[in-house]
Amino acid sequence: MNFYAPFTLPFIIGTIILFIVLAWKYVSWFVALTHEDKRLVAKGVPSLATLRSVWEVVRESLLHVRIFRIDPRLGYMHMSLALGWFLLIAVGWIETMAYMGFAPVPLQGHVFFKYFAAQGVVTEHKPYFDFVMDLLLAFVLSGVALAWFKRFSSRSLGMRRATKHTTGDRLAMSFLWFIFPLRLVAESITVALYGGGSFLTGSCGSLLASIFGERLLSYAFEPAWWLYSIALGGFFVAMPFSRYMHIFTEIPLIFLRNYRLRPREEKGAIDYFEVQSCSRCGICIDPCQLQADLGIHDVQSVYFLRDRRYNMLKQSVANNCLMCGRCEAVCPVGINLNTLRLNSRALMRNIPNERRYGYFRDIDRSEGSGKVGYFAGCMTLLTPRTMSAMERIFEAVGDQVWWADRQGSVCCGRPLKLSGETDSAHKMMEFNRSLFHKHGITTLVTSCPICLKTFKEDYALEHIEVLHHSEYIERLIASGRLVLERGDVRYAYHDPCELGRGGGIYDAPRTVIEAVGELAEAEHNRRNALCCGSSLANTAITDGQQLKLASRVTDELEATGAATIVTSCPLCKKALQRTAKGGVRDLAEVVAEALPRK
Amino acid sequence: MASVNFGFGISKPRVIDIDRNNLRKSDEILLEMPELQTCIGCGSCTASCTAGNLTSFNFRKVHALVRRGEYAGAYEEMNKCMLCGKCRLLCPRGINTRGVVMLIKRKLGDF
Amino acid sequence: MRRTKWEEYQKDIADDKYYYARSCIRQNFFPGSEKAFLDILRNDLGKDIFDDPLHTSCTGIGYHSDIVPFETIMTVVARQFALMHEAGYENFTSSCITSFGIYTEILNTWEEFPETEERTRENLFKATGRELVKPKSLAHTSDVIFHLRKEIAERMKRPLVNALTGEPLRVVEHIGCHYAKIFPKSGIGGSEFPYVLAGMIESWGGEVVDYPERRHCCGFGFRNYLVQANRGYSVANSQKKLESMAPYRPDFIVCNCPGCSMFLDKWQYTIAEMEGTTYGAHGHGIPVLTYEEMAGLVLGYDPWELGMQMHAVDVEPLLEKMGVEYDPSTKYLGPKGKYIGKPAAAAVNCSAGVTLYDIKK
Amino acid sequence: MRARKVVIIGGGVAGMQTALRLRALGEEPIIIEREAQLGGKVRNWYLLFPTFIPSADVVEPLMRAVKEQGIEVHLGCEVVQFDNHRVELADGERIDCDAVALCSGSTIFDARLKEEYGYGIYDNVYTSVDIERMMAEGRMPERSPRRVAILHCVGSRDEKVCQRHCSKVCCITGVKQAIELKKLYPKADVFNFYMDIRMFGPGYEELYHTAQRNYNVHFVRGRISEASPLMDGCIQIKAEDTLTGRPLRMSVDMLILLVGMRANDDNVRFAESAGLRLADSGFMRAADLFAGNVRSSREGIFYAGTITAPKSIGEVLNEGVVVADSIVDYLNKQEG
């Protein structure tokens, strides 16, 4: 059989370009990986991680399990396109082989087999193949129809807002959308002229024949295949430069991630895999409170990654993010959105200067001594109620406490890190680390989740256990050292971002609240909890905007009917206090109040 | 023109000369963050300042000088700030103080 | 309003019979000016003025530099007054503004605290055996010229007018701080609307230029100038004034204080050498005149006889503007035709030439 | 002509003055007061600025006159909703009337919301309201404090507690209390921490001057940012002395917070039920700020006192007269 026809040229050229670009990108990214990362890859390839990755590729790149969890309609749309197309290719391949045996068949032979085999011999399994292929085509077409429908009414697919795409993306998308309808047309005409086909192409073919007549269709036969080929070729050329780069990139990313490669504080080659794995599906847009409550539409992770990928990232976009992590929690690709945003900020703002923050030398305003250290954090100095509650709790259990910063000290460094000034942040971390070690503490308790996160992730404290005060209190209760009187007050708990999504601490504060009263859960809680709006990570929004975000949160917390809102972050407390009608308390306060009276 | 050394320099005036100062950057800063104009100079920011507690850093004064077009030293001065955000929690006019620090650093550091 | 405000501040100035006290700075840096003053009074106006060889410096520079105590300077001043009385005069005129300020200050002190006058009287008697008699009137020599400005105008040969255009010359006047800023009542027009020089300029056909820093100090400031490390502050003050007046394009600056004449002139040289900036027309400095020189030019004196070659900023452009005939070849010849030396070319006179003094070399 | 019924919501000085004036004009006022007693907040004050007369001198004559005039008063009654012809009380009673004067005043800011000042946490942090009460009841501490700090603008001019407006009378109250403290404790040093000093009334600037000149009260231009306890029970406060541009810290034995006036929570409910308009500050919005500052946007509903904005007692008393006149004017026009 001759597998050459002029109309296949656009497809062939497109495919060649696609593979050259892909190869060039992947090879150059891989070469640029750090030495350490390459070592991890070498160690990971012969391990179980590879198998795990294959399974994950099937689940996420083909079945899109995570999107199904967010919304089944959306999941079906993504699955039908990915899995459907994959199966079309796979089954097409088998079909070719069923015809030709293991004879070498060029690529276009597989793809346009219907064309080349139209006048060939009819084998006994052809009807089965025709049926399966029609079924798959129908499957994909249903996905295309949904995607098309989503453009007009994203809400009906479970998304309040869809991504606003660039012109390039729209072009690529148009090619994609045309591929399958054109394939249907080309195959239907072929079937109408030469027979074959099944329920879809067969009936479409008959329909076309009855409308236009065979003569007309025979004129349309070649052009239809041409158009199909052009759509395919066009899409392939556009693919590596558009959002569809994600189709392939997600696969190596899954492997690399299973080999424990992660984006870091500074930009690295692994970031390319992460950034270009974004399909711009826009699932990150809905959870973004800046979008939902403030109507800011151009800073969400999808746009951030897009701008970063095309080197048009502006500080105003990079800075305008609460880093609450709500988008990261739902990203179907699992992109490390916060880390990427951080290292983008660092690239723009980190200007190392040895002389800066030289004033840290010899500062030590700490008080007391003990194995337990308490680091209030800058913000807690403005919520003295929390601090005096902690003092009473320490007193009640008789722990000797070293107060690190009651008289003010150096910041933990996280705020500067969040703003991208990594080098300066490290100076603070270095200072505090040596301060902690100097005073010989074995446990470090902090009531500020912002400090907590950086102590845990950046400080590498040896022989010092870092605890959030909720964890510390939970332990005291569990060990029986702290006996509390349980009341019948209902408390609505607000999860601070840095503690919950940022530190994975959801249960400790809840356990503690249940030890003193009744816990009420807000509509959005735990992984889906809302941000109070005052996040240190965002330096772009105004006071009024912060207030608006906070009022949404207090509304939701107050809707539980609980009289008091409890949180475990001084910043959240301050933020929510502004709009709450009842009281806003820190976890420590309610615990201190439940201490048995002497 | 040869500059002759007579063993002393000519003292620069201490006056904030609005006519002579180039207010372009100040204008740019105020355009991006108009709320900075609403500062009533209560000093809450400086009083609570974590860095000001340890150094002579005075956020209120530095941004006031920058607004008047006195940029000399402001960039390095702002680099004493730890961005901890206490000031933002206190400002009675709701000024985005951390944003101001970052904006001034960006404008005066030229990045 | 500004035009009449000065009239509220007036003082009695004697018509004749003056006792003359010289100025340290003026007689050293502008000796021609003091001679011209005496000549104008004696020869042109026929007044009696006594130039006493026995009198001394008032020690004001030492006083303002914290070297001479107040008791000492009071005794020195008392001696001057005693000399005046011995010479048979009672109208004291001083050529120096610093001295004028000191005489005023001491006379006021004696008035407020008579016991200090008594102590000074005793000290003077113990030291010199002389008897203190306070003057009937005290005036600065610029007050005297101001007082006689109309008589000079009657004898005027060259008005303060641009000979080419016929326009009045634009004159910046600068009053020494100690003239009226310490005791506003002691000056014509007080400290805010000093009229002593403006009166002369207007009477002789010139136009007084008002400018923002008109009342600012020239920067002399005694200690600020005397200590080399502080000189930058002194220059900065002159520079502030010069920058402020330059846009008004003055034809010349006239001062009544010898220190101001010196610093506004010589700091122009310094600024030009250090920074390359000049403030007059065509890259030239602004000529600085003493009021005696101004009066002398008006009365037709020869500029070199007036000692105008002693200025750092060359006065020739001004002389040409006024249409004064002068002989360039005699500029550096003294009164007896002896060569007195010539300064090196300077940036302030539009010359890129060599500088006299550079600490680096 | 029959006497027309006017319901006055709130029996503070504004309400009583309005009632008395209406009665004098021959109308029938009815006062509804939430508390068990007439007099409102002024009853709790000790001496009044700027003349230091006892507050009783103002409140008691009014209360007496209300009694003497036999004005109908409902005590311990809360208004649920109202419009210009009917007022509905919490106990279910309905009063039909011809006009309504809303004189329900304002609420004192809860200083606990400014947690950094430690009110309710440390023993020696007081509000200006506490001080008035303690002075009136003679409960001020026996031992003279060494140092007292008075902080202006607590709960006023502060975006962070959503109170943007100026409460107007705190500055002069701060000056008055500083003088009172100096009279009580001549050895104590009193420091007033302010952002701006606003002395708008007659005799106020003079009192400010007196405080500085005769009582040696210190004024520091800077807002306190934090208060924290010291070992000896003192409070350490931090501020910036903005006039010298340097941070300032000092220990004080007493910290007094000059709490501002904020809008009543009721206002929202009232505005909804009667169709009234609220200002951005949450206070009621008068028809206009010139000729119509006691009229509401609805016919037959009037305002007097601090329901529309923070005011001094003198201003409130004037408004009581004005509002009564406006009501009579309105009623006459209604009857044609």
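Per-chain residue numbering starts at 1, and chain names A, B, C and D are given in the order in which the chains are listed.
Definition applied: a residue touches a chain if its C-beta (ideal position, glycine included) is under 8 Å from a C-beta of that chain, and two chains touch if they have at least 3 such contacts.
Please read these numbers as outputs of a predicted model, since none were measured by experiment.
By number of C-beta pairs in contact, B-D leads when B-C and B-D are compared. Inter-chain centre distance (chain B to chain C, centres taken as mean C-alpha positions): 45 Å. As a whole-number value, the distance joining the C-alpha centres of chain C and chain D reads 67 Å.
Centre-to-centre separation between chain B and chain D, using Cα means, comes to 39 Å.
If each chain is reduced to the centroid of its CA atoms, chain A and chain C end up 82 Å from each other. Each of residues 116, 159-160, 226 in chain D touches at least two other chains.
The residues of chain C never reach two or more other chains; the list is empty. Touching two or more other chains at once are residues 48, 53, 86, 89-91, 94 of chain B. Inter-chain contacts, as defined above, occur between A-B, A-D, B-C, B-D. Of all the residues in chain D, the ones that touch chain B in their complex are 116, 153, 157-160, 195-196, 221-226, 238-242, 245-248.
Across the complex, chain B meets chain A through its residues 35, 48, 50-51, 53-55, 76, 79-80, 82-86, 88-91, 94-96, 98-99, 102, 105-106, 109, 111. The part of chain B that touches chain D in the complex is made up of residues 40-49, 52-53, 58, 60-61, 86, 89-94.
Listed in rising order, the residues of chain A touching chain B in the complex are 315, 319, 348-349, 351, 353, 356-357, 359-360, 363, 378-379, 381-382, 408-411, 413, 415-416, 418-419, 421, 424, 428, 534, 536, 539-544, 571, 574. Across the interface of their complex, chain C is touched by residues 1-13 of chain B.
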